[in-house]
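Chain IDs A, B, C, D, E, F and G follow the sequence of writing; residue 1 opens each chain.
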Amino acid sequence: MISVQLFFYFGIILAIVGSLATAWGPGVKDPIVRTFNTEIASIGVCLVLLSYNHVLALLTLVATTVVITLILFRAIIRLEEMGADV
Amino acid sequence: MDFVTLGGNLLGTIPLGDIVLYITPLSLFLFIVLLVFTLLIAISKTETQVEATLMKLSNTNVKVGKKEFKQRRFLSVICGIASAGAMITGDLFNFTLFMALIGILNIGIVSAVKQTTVLNSAYQYGLIAMMCSLPLFGGASIILASTGTLSLAVLSQMPATPMVVFGAVLMLLGILGESGVAPFFASKAEMFRTPGSPFIVIIHLSSLFIIVRAVEILLLVLW
Amino acid sequence: MKIGKIWNKLADPKTVPRLFAFCLGIILILGLFVPMALNPDQLYTRPAPQVQIDDGLPIAPYDRGGVVLKEPGIIKAQFPENSKELGMITGYMSPLAEWVSSISPYFGTSIYSSPGGLIDEVLYYTRGFDTILESSILMMAFIIASWLAINYTMDRRDIEKDLKKAANDSANVAREIKINDEKARAKQLRRDN
Amino acid sequence: MADILINVFIAFLAGSLLLGLHRKIMARVQKRPGPPIIQHLLHSLKFFFKETAFPKTVSMPFYIGIVFILAAIWVVGVIVGPVAHGSLLILFGVYAVYKIVEHNSGSSSGSPYGKASCVRAVLSAATELPLFAAIVLVYLKTGSMNIGDIISYQATNGPLIFSIPLAAIMFFLLLLSKSPYSPFGITKDKALVSGFETEHFGFLRGFIMFSESISWYVMLWVFLTIFFGPLSAVGYLIGMIVLTFITGFINSTTPILNPNHSVMTQITMGAVCFIGTVVMILI
Amino acid sequence: MLDYLIYLLTFVIGSILGLLYSYKLHGEPYVADSSLDIKTCIMSIVGWILGFNSGNMILGGIGFLLAGFVMGERPGYGRKETAIGLTIAIIIYLALHLIK
Amino acid sequence: MVFIPSYVPAEFLSMYLPAIYGALIIGFIGSMAIALNRRDIHILILTDLIGLAMIIIVSAVGTDLAEALILPGLVVELAETLAISEILLSREMHKIEANPRANLTKSTSLFPQPFALDMEIMTTAPNFIALVLIAYGIFLTGFTGGAVAGGGIVLYALSKKARGLPVLILDGIAGVSGIAWCLWIIGFALFFVAPNLWILSLFLAACGLLLKVASKVGLIGLLMREDIDKE
Amino acid sequence: MEFVVSIIAIALMIIGALGIILLKKPLDKVIMFSILDAGFLLSVVLFRYLDVALFVALSGPLSTLVFIMAIVKIKEIRAKKVESGEIHD
C-alpha cells in the first residue's frame, strides 16, 4: 500500500511552490526561466490528478504541457528575434 | 426559483443526454434575434471606412481584404450560432463552455486586422478571456461540488448555501470579464475601431445577450 | 478631480487585464473564508483512489461493473430517462482493448480510454454537447492561429522577395566595384604607359 | 392583433409628442421660443416622404436591415410591456438589441462620425449594469419578473418607489441617458454630427425616429409601471409629462460628459444605489 | 385603448391644423400680436373641458381637436388661451371628482 | 464483483478542502503576479498558472464527471494560448513593419533565422518516439489520444530537415480535420437518433475527435519548425 | 519497500524543483527538470499505472528536446545582440 495522501499533499505543495517560483522566483525577469518554473507547478498538478486517479486527465495534461511550453518558447524566441520589447 | 417567474412559461425542452435545453419566451426571443443577426451577417458585405489623410486633401479608404473578409465572416457566423446556443442551454457547464467559445471567437474576429491598436486590445482581451477560464469553470465546478448537479432545472429548486454563492460570484466575475462590461470595458471597446461592421456587431451582440442570459442563470442558481 | 483620473486610467486597454487579475485574486482569497465542503451526493461517482488497482482488476481505475455487451455497468446519470443505453458503453470493449486487457492488469487507463470507455460514456453519450463545444473551441482557436500564421507571421513570400532584392543589390555592388576596378586599372595602365 | 396595432400607434404618437415637449422645455429653459410640440412628429413623418440615398461606402443588407430591426424591436417592446405585461427580462433584452442597433447603424455606414459613435455605443453598453441591478432589485423585492405580478404586488403593498427609491434612481439614470441632449448621451454627442444617424437619410431616418419615439414611450411606461404601481390613463399622462419635464430641465442645464467619465459615473452611481438598496432591504 | 388613440390622433390633427392656420394668419418673422384672442380662447376652454370631462369618445375627440388646434399654433400664439382653457378644465375635473 | 459506491467515498471528501484551498492560493498567486507585472509576454506565461488552478478546482470534485470536464478544458487552455501568442506576434510584427528602419537593428530580423544545432538526438530518436506516440495515441483515441498522437506529430515535424512553410500540407491538415469534424458530428447525432447503433457512433465520435485533435496539435509542429530549426 | 520508494520519488522531485528554481544556467535547469520528471515517473510507477508511466517516459525526452532547442536558439540570439552591441551581457 502506498500513501495516496502523501502524494496528494506533496503535489499541492509542489504546485504552490512552483507557482510562487513562477511569480516571484529568482531570475524570472527572463521569460525562459519563468516558463521553466511553470513546469514545476504543472508536475504538482499532475501529482494531484494522479492521487485523484484522474489518469486520463493526467495523460492529457502531460501532453498539453509539452505543447504549451513549445508555444510559449516559440513566442519568446520570435519576440526576441524581432527585438520587440514586450 | 422556477423558470416561469423569470422567463415566462416553459415552451418545451430538447433533451440531449444529461444536457437538457429548454425554451421559454425569453430564451426564444433572444435565440431568434441572434439567428436573424447571424443570417444578416452571412449575407452582408463590409463597409468602406473613409478617413481623412493627415497633411493631404485626399481621403484614405480602409477596406477589408477578400481573404480577411472570408475568415472573419466564417468566425462571426460561428459566433452567432454559438451565442444562439448559449441562449437556450439548460446546463451550467455547457453555458460556461459557450462563453469560452464566444470569447475565443471574439478575439478571432478582430485578430485578422492590421491596426496595431486593435490587435493590442484584442490581445489584452484574450488575456482576460484566458483568465476567465478559472472563474467560469471553477465557479461552475464549485457549484457542482456543493449541489451535486449541473442541470439548471434541478439547481433552481435547491436553496443557496454560502458555497453556491461563492461559486456564483466567481461566475459573475468571469462573465463580467468575458463580456467586457464596466469596469473592464476598455479592452473590448477598443476592438471596435476596425472596419468590418457586420462582424464586429456580433461581438457586441453576443456579449450583451450573454449578460441577459447570465442574469437569468444566476438568479436561477441563487434563488 | 482625482476620480476623473482614475476613470481615465481604466480606459486604457493595457491596465484592464491587470485590474481583472487583481479583482480575481481578491475574490479567490476571500474564498478561503467561505465554508466549503464536498456534497457526497454526486453524479458519476467513482471508487476511492487505488482501490481498484489494489484489487488487481484488469481495467483498473475505470472498471464500472457490467458484462461486456450484456449487462450495463453502474452509472449514475442526471437524467437516465434521456439515455436509453446508459452503462452499455462502459460494458463494451473494442477487440484490440480486450486483447490488451488479457495481457496485463496494468493497462486499464489505455483500455478504458479507447473506444468504449467510461469517459466515452460521459463525454459522448450523456454529455456529448459539451464535447462538441469544447472541440469547437479547440478548432476555432487553431483556425485563428493557423490563419494568422499562414497569412502573416509565417508568410515567407515577402522575405523571399527581400532576399532576392538584397542578393541583386549585392550583385550590383559587386559589379560596380569590378567596373570601377577595371577603370582604375586601365587608368593606371595608361599612366604607366 | 388590433390591440397591438393600437398600442404601437399610441406609443408612436405619445412618444413623439413627449419628445416634442422635451424639446420645447429645453428651449424655454434656454430662453428660446422653441418649435411647436408637434414638430417632432412632423419631422418623423416628413422623412418618409423624402428621397432616400445610400452612401457608396455602406455595408449593404445591414445598413437597411438594421433600421427595420430597430423598429421591430421596439414593437416587441410594446407587445411585452403595455400589451402583454410580460417578463422584465425580455424588455432588458429589447434594450440590449437597441444598443446593438445604435452601434451597428453607426458602423455600417462607413462614416468616421458613425464609427466614433459606434465605439461609444460599445462603451455605453457597459451602463447596462445599473439597469440590470435595478431589475434584480425589483425582483428581490417582489419575487417576480413578470410586470403583471409586479403591478398586483404594488396594488397590495404600495408603490415600489417608497420601498426601494434607490433602484428607481438607477432606472431614472437610464431614462436620462436615453433622453435627447443628455449629459450621458455620448453616442449622439454633437461633436459627432448626428452620431450613429449621420448617414441615414429618407425613410431610414424616418424609421429611426419612429422607433425612438416608441422607445421613449415604452421606457417611461416601464418606469412608471414598476415603480408607481397601478396607474390610470391620466396618471400615466401626468407621470410621463412630469418625467419629460425633469429630464428636459436636467439636459438643458448640464454639459455632456467625456465618454469614459459618462460610463464610470453611471456605473459608480449604480453601484452606490445597488449597495444602498441591498442594505435597506436587509435592515 | 382605442379611445386614447383617437384622442391622440385628433389632438395631433388639431395641432397641425392650428399650425397651418396661425401661419396663414401671422406671417411675420416675430411675434406681432401677443394680446388674448377671444375666439381661440373659447375654443380652448370648450376643447379642454370636453376633452377631460366628457368621457365620450366622439365628444372627447372633438374636444381634443379644438384643444390641439389652439395649443398647436405657432410659437408665441395661443399660449395664454391654452393656459386658461387647461386651468378651467382641470378645476372642473377636480370639482367633479371631489364632489363625487 | 466490482463495487461502485453510490456516494462519493470519504477519501475524496477529506481531500476536497486542501485541494480547493491549494487551488485558490495558486490562483491568487498567479493573478497577483499578473496584476503586478507590466510586460505582455510575462502575463501570457502567468495565465498558465491560472489554468492550473482551474484544473485543480475541477478535479477536486473527484467523480468521473469531473474528469470528463477537465479533459477538454486542458485542450482549450492550449488552444487559447496558441491563438493569443499568435496575436501577440502579429501585433509586434505590425508594429515593427510600420517603421522597419527605426525598429529593426542589425541583429534582429522580422522572420526566423536558421541556426546551427547539430545534435545526434535530432536525427535518430524522433522517428522512433514519434512512431510510438502516434501508435499509442491511435490506440487511446478521443481527446487524450489526439493530444498524445499530436505530440508525436510535433516531434516528427520538428526534427525534419526541410525549411519553408508547407502551405499545401497545412491545407491538407485543415481538410483532414474538417472531415473528422463531420464524422464526429454524425456520430454524436446518431447517439440520439438511433441509440441501437451506439457502437458505430462511438467509433465515429472517438476516431473523429482523435483525428481532429491530432491534426491540430501536429500543426504546431509545422509552425515550430520554421522557428527552431537548423540550416 | 513501497514507502522507501515513495520517499525516494518525493526526494527526487524536491531536488528537481529546488534545482530548477535555484540554479542559474538554463542548461542546468534542463538537467534538474529531468530529475523532477524522473521522480514523477517513479511515483506513477508506484501508483501502478504502467501505460501512463510509458507515456511519461516518452514525453520526457520530448520536452527536454524542446527545452534544449529553445535554449540554444535564444542563446544564439542573445549572443548576436551582444555582438552587435545592442545589449551588454
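Rule of thumb we're sticking to: contacts are C-beta pairs under 8 Å (C-beta built on N, C-alpha and C of every residue); 3 or more make two chains touch, one makes a residue touch a chain.
These numbers were taken from a predicted model, which means no experiment stands behind them.
Graph distance from chain F to chain G, where chains that touch are one step apart, equals 1. Common neighbours of chain B and chain D (chains touching each): C. Leaving out only chain D, the chains still linked to one another by touching are grouped as follows: A, B, C, F, G | E. Centroid analysis (C-alpha atoms only) places E farthest from chain F. Chain centres were defined as the mean of their Cα atoms; on that basis the chain farthest from chain A turns out to be E. Sorting all chain pairs by how many C-beta pairs they have in contact places C-F at the top.
Chain A and chain B have centres, each the mean of its CA atoms, that are 30 Å apart. Distance from the chain B centre to the chain G centre is 40 Å, each centre being the mean of its Cα atoms.
If each chain is reduced to the centroid of its CA atoms, chain D and chain F end up 47 Å from each other.
One simple way to say how far apart two chains are is to compare their mean CA positions; for chain C and chain F this gives 2 Å. Contact of a single residue of chain C with at least two other chains is seen at positions 10-11, 17, 19, 21, 24, 31, 36-39, 41-43, 46, 49-50, 61, 83, 109-110, 113, 119, 125, 127-128, 130, 134, 137, 140-141, 144, 148, 153. For chain E, the set of residues that touch two or more other chains is empty. Each of residues 260, 263-264 in chain D touches at least two other chains.
You'll find the chains touch as A-C, A-F, A-G, B-C, B-D, B-F, C-D, C-F, C-G, D-E, F-G.
Considering their complex, residues 50, 53, 60-61, 104, 106-110 of chain C touch chain G. The part of chain C that touches chain D in the complex is made up of residues 3-4, 7-8, 10-11.
Against chain C, in their complex, chain B makes its touches with residues 15-20, 67, 71, 74-75, 78, 82, 85, 91, 93-94, 97-98, 100-101, 104-105, 107-108, 111-112, 120-121, 124-125, 127-128, 131, 134-135, 142, 144-151, 154, 162-163, 165-166, 169-170, 173, 177, 183-187, 190.
Across the interface of their complex, chain B is touched by residues 56-63, 65, 69, 73, 76, 86-87, 89-90, 92-93, 96-97, 99-100, 103-104, 107-112, 115, 118-119, 121-123, 125-129, 132, 135-136, 139, 143-146, 149, 260, 263-264, 267 of chain D. Contact residues of chain B toward chain F in the complex are 16-17, 93, 100, 104, 107-108, 111, 114-116, 119-120, 122-123, 126-127, 129-131, 133-134, 137-138, 141-142, 144-145, 150.
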